[in-house]
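Presented sequentially are two complexes of subunit A, the first with subunit B as partner and the second with subunit C.
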Partner chain A sequence: MAVNFVYPEYEAVRNPDRCIACRACERQCANGAHEYLADADKMVCDDAKCVNCHRCVALCPTRALKIVRSGNTYKENFNWNAKTVDELYKQAGSGGVLLSGMGNPCDYPVYFDKILLNASQVTNPSIDPLREPMETRVFLGAKPQTVERDENGRLKNNLPPQLSLSMPVMFSAMSYGSLSYNAHESLARAAEEMGVLYNTGEGGLHENFYRYGANTIVQVASGRFGVHPHYLNSGAAIEIKMGQGAKPGIGGHLPGTKIVGDISRTRMIPEGSDAISPAPHHDIYSIEDLRQLVYSLKEASGFKKPVIVKIAAVHNVAAIASGIARSGADIIAIDGFRGGTGAAPTRMRDHVGIPIELALAGVDKRLRDEGIRDSVSIVVGGSIRSSADIVKAIALGADCAYIGTGALLALGCHLCRTCYAGKCNWGIATQIPELVKRLNPDLGHKRLVNLLTAWRHEIKEMMGGMGINSIESLKGNRLMLRGVGLNEKELGILGIKHAGE
Partner chain B sequence: MRREGDVRIPSGCAISGFINKSGGRLSGETIIKSIAVMRDRSNGLGGGFAAYGIYPEYKDCYALHMFYDSPAAKKECEDFLERHFDIVNLSKIPTRKIKEITDEPLIWRYFVTPLPTKLADSQLDEREFTAKCVFRINTRIGGAYVFSGGKNMGVFKAVGFPEDVGRFYKLEEYEGWCFTAHGRYPTNTPGWWGGAHPFALLDYSVVHNGEISSYDANRRAIEMYGYKCTLQTDTEVITYIIDYLHRKKGLTLREISSVIAAPFWQTIAKMPPEERETHEYLRVAFSAQLITGPFSILVGFEGGLMALNDRLKLRSMVVGEKGEMVYIASEEAAIRAIEPDLDAVWAPKGGQPVIVRLNGGEEAWR
Partner chain C sequence: MKRVYVNEKWCLGCRLCEYYCAFAGTNETDMARALKGCKINPKINIEEKDGVSFAVSCRHCLEPLCVKGCITGAMTVDGGVITINGERCVSCYTCILSCPYGAVSPSDGGAVQKCELCVKTAGGVPVCVKGCPNGAIVFEERG
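Let's look at the complex of A and B:
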């Protein structure tokens, strides 16, 4: 047998005084990490198989289990750190591209954590959302360019198509296929209950979910999986996926093992075939091509639905967004470099793209400088982790936030980052029926509703503290932000002052 | 010390105003008496007045009121004015020396009409041409500042208590059908007279009490339409929003009230269908012009006066009526001081506009 160069990074520690050898952990682990030794009447664990998803930890009735860093270390080296060395060993062993799940975990700056919010003191009153109305409803879409009246002088409703949301949050695109049926059902039902929207991702829309159409964004990606006229007309909006923050410049890849049953039918591709989205849309090699697709989709949907163009936050994002705003798009979605994914080449995920905070600030400023900020709404994701991130994003200039990873966490995801393996013990990123049924949509959607309800209340509290009683007065209100520990250049790009100024 | 405009200064305030609905003209003495009652609401760091109907002899000319820091700035500005306008008359604005008002800049007044050739070349209407010239002077000519530029109206303002500012400008010598007044309580020294209020653009003038929490959202939105917020004050951005919605977008004042002090969604939901649709439209189309946080404003305009509170009514504002006169002030005492025997006194609700027009005219839509 070949020597395995890589020692497990984490190990499952079992407290023998607590373990009752009930074998729950063994049953829960799809990776086969836990094993019962009948002769010795005890449980053992192969740490090499453990992905650190905490399913066994959460389900252990006696709290006998915990996962800790194994602590095995190479000779210390800041240049050749353990991660770098392990990755190299893996590639030398396999000859393959490294694959990762979920968003970029590397130690790059998180600008949201270096921005602080304002509150009213003395000169104007803070507002208590429990006593006064506090509005979080947002509309996404272009503003009318002119005011028109009928012969009686009444204002004509010349608004372009709008999305109405009870709060500035939507569930971002995660396809059926990468996610389980139950995960999708949870998202769709939560979106409906909260008056927000979820996004089909690029895998089409399962026939059972057409009933949630009013709360659905249908996505059109480069693979065009599951796209047909009925699909385009069944949602509240259509999103063209040009890029994704986790893997800018490449398309999605769903392995054939996940293309089973309903997923094959929904995507309109044969069972077992890999669903490989091309890196670009092959009918969009330039900005004028994008305009044609935007208008094709508008034609196909009777000009009744806003069209969203989603791009990854890359270096030239401001100019790209400006081009998109002039291409007939109603909404631009920008996905930061920390955005999640079911599977991405590790190098792309960890080294391509820019932080969403900087991308957002740059795009908002550019669109205002060009006088076209009214032509589009801006939605940001990748990554929005809390209500505070949302408030900061809106004050920087966003209209709304997309949450993906956060929503999966609410469903039980523990960020083990091995979605691509298809053996998600939480029933989220898997198509194995026994695993899928672990996620009960009744409970899953309720947890999502809880999360958004809590965040909405927190958003109201923060707005009230600032003396703002409607979310539109927060949008782009950068005086409500101050930076801490940021340099002049960073403050300049964010368009905010430093704390104390 | 940095001048106001380089730094944003919050302030509390007193406001008062009145209008004679039939256009009868009253002396400026009256408004001084009214605002003086609310001395505690000012701190001596800013006071001012807007007066309508005071220049009937030049009613077709734009009356530019100017502050100059130096004779050089005056020269440069006058050169600019001569290139763009026919200057019908010019003079110093009459003032009286009083010990309470010091450090005055050079204060001049020009009655002008746009040069027809320049106007035609610009492809703008007369008002837009004039507004653009005002912005040009205020942003490009250092040391020159237009603080009033409407027809048959004028703003008079300074650093000091408002009653002293009124005496300084000999306001008793002017007669108008509408006056507004402002006493300011800034947290910082403004550093120059431009920071005092009213703030005016063309014939729109605004006095405002409050500190709006939506300021930077409003500022960044309005600057996209070519306005420059050089003073960083609430009053400035409110004036620009009103000018944008009224003059450029053609909304009525009532519609503007529904934009800047919009009814809550829960209120809109209960409206009859037509009304609901209008309010929804205004909120969605002009969401960036919603103003939150406390404000009470008096908006003077060609042909009338409007008063408006923020939608939660976080600032006091009272209306008094007597015959042809309508009085509006932060405190009832300021009204009683000039008209003790009122027919009616009432407090408008948050977001409920009070629009008073000369000769009872109704505003037509354009």
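Let's look at the complex of A and C:
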């Protein structure tokens, strides 16, 4: 192009004293950013091709590489900042909708970071999790409202189907297709080893992964890809995806170039055809319609599996959740506006939806006020970044947390946010065989297991500090939370006091 | 006995094993200082063709042809590890010719060189295994 409107935002800086020209960076960059100049015996980098994924940085054996802000700046302007200007230039050049990967990176408040946890002192002794038993097991599903007895006065088992998790974490829905085979295998094996669940997303279930069924949530979304009776019955639960935090109100689009081989077979669509998930479910225009699908799926799976309904956190989420709780769903999953994605229009990702903390607090309160909180479990996702976020979410009223981005980070993702390009250098969001093999599930699943093991330790430590020895006693225990720097309205919505009160 | 095994399914052809191997032989503490400006001559080598790659190093055969062919007794089997005594080697290269895997090569110091499982350099923990980013090279006991 004659005029380069957009200057690379980042550049790879190479320390010439440390670079031994081993060319590992060149071999590992699928974007072709690094190049070896044989005549000069040195490496060079084309920053315009760099996506800042840090693959080269992580593999450089001499730490000769780092990636920094290029520092090129327009004349300072708080209204027209560099991001806004660059995006406008790109659109003026392409005429297209801007695409982005992963979650909303914009500077909105992170409420988890403005909430602090309590700890016991003197009157209510803290508990040492290394010395005393500490329960992190949770059960998800509708709880019976009444005690029922048979004609002989014996208790009737009227417990609806439950999911049993060793800790309140599940891997959120990420489809086979958007993720690589090896990424899915890592998630499935880690879920099995840790006694938690992972989620197929809307891509069907690869035939090799049916054996992890007891630790799998099978998803049914608006495109219905890969859905058949055997699929519905192979998982531990069925999730109806109504919305996604990263892009509330719109569907999905997996480009035909990714619909190859096993993915085409698993999704049950022809090779090379685009997999387009419509924005709405075309058979759901009301809570009554949703109820029909919930019961169709229960019928199809013999009423043996809980049905999850997943929605994006949007403005009137509490009323929507109330409707879902009455639709017969066993579990509501709410995905906050920070939630990740393989590809979303940038404007949707950055400007639609609400924070998960506020959505969760609102939903929990609404369901309690209406006396139907026990008829559903609540799972929250949309940027749960640490065990502290999980503890805070549970104290705000969640039963369990979904982690997606966090799990991918454990597998090597560096949040370069170009998943939609399909050339993930870490072998996660790609279908190119040479890149997929970069993620060895033997190592990947172990890193996920490590992450959850570490988080479970930390959850126990934090609970112990509060003098609580079971997740159940923490649930909705908002007295354990205090806000810092929040206004009255925010505190009111979160249902917590300010620090010092 | 524990040996180095390679799994081409996970080999990325990044050749870091070659560089870690070359570094281990230098007795330096800093890789950049050790290998800056050098043309490396490692004891493990990546073979690559048509998208398939894997590392090749000494298999430590139970009946090693290199040891059998060595005319000076420089090559010996020491607890299963085939080692070279550089003092005795006269560089006749019989071992290089007889190794069916191409795992023996001329060394920069005059004699021949081959993988000795880092027994002499890194305390018996092969650096290629430790440095492989994808678990494609393993050090384990197999039947």
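Everything below uses one rule, namely that the second predicted complex is superposed on the first by the 495 of 501 C-alpha atoms of A that agree within 3 Å, B and C clash if a C-alpha of one lies under 4 Å from a C-alpha of the other, contacts with A are read in each partner's own complex, and residues count from 1 in each chain.
Here is the rule we use: contacts are C-beta pairs under 8 Å (C-beta built on N, C-alpha and C of every residue); 3 or more make two chains touch, one makes a residue touch a chain.
All values derive from a computational prediction rather than experimental measurement.
By the touch criterion defined above, A:Pro61 reaches subunit C but does not reach subunit B. Legend: residue contacts after superposition of the two complexes on their common chain; A:Leu491 is shown touching neither subunit B nor subunit C. Touch criterion met: A:Glu434 reaches subunit C, while subunit B stays clear of it.
Counting the residues of subunit A touched by each of subunit B and subunit C gives the higher count for B.
In the superposition on chain A, A:Gln28 makes contact with subunit C only, not with subunit B. Of the two partner chains placed around the shared chain by superposition, subunit B is the only one that A:Glu132 touches, whereas subunit C remains out of contact. Look at A:Arg368: by the touch rule set out above, it reaches subunit B but stays clear of subunit C.
In the superposition on the C-alpha atoms of chain A, no part of subunit A is touched by subunit B in one complex and by subunit C in the other.
Here subunit A touches subunit B in the complex through residues 120, 123-125, 127, 132-133, 135, 137, 139, 143-144, 147, 149, 153-155, 157, 159, 162, 368, 371, 373-374, 466-470, 472-480, going by the rule given at the top.
Across the complex, subunit A is touched by residues 9-10, 12-16, 19-20, 23, 31-32, 35-38, 51, 131, 133-136 of subunit C. The touching residues of subunit A, when paired with subunit C in their complex, are 17-20, 22-24, 27-28, 58-59, 61-62, 64, 433-434, 437-438, 440, 442-443. Subunit B makes touch with subunit A in their complex at residues 8, 10-12, 187, 210-218, 220-221, 223-225, 249-251, 255, 262, 264-266, 274, 277-278, 281-282, 284-288, 290-294, 311-312, 314, 364-365.
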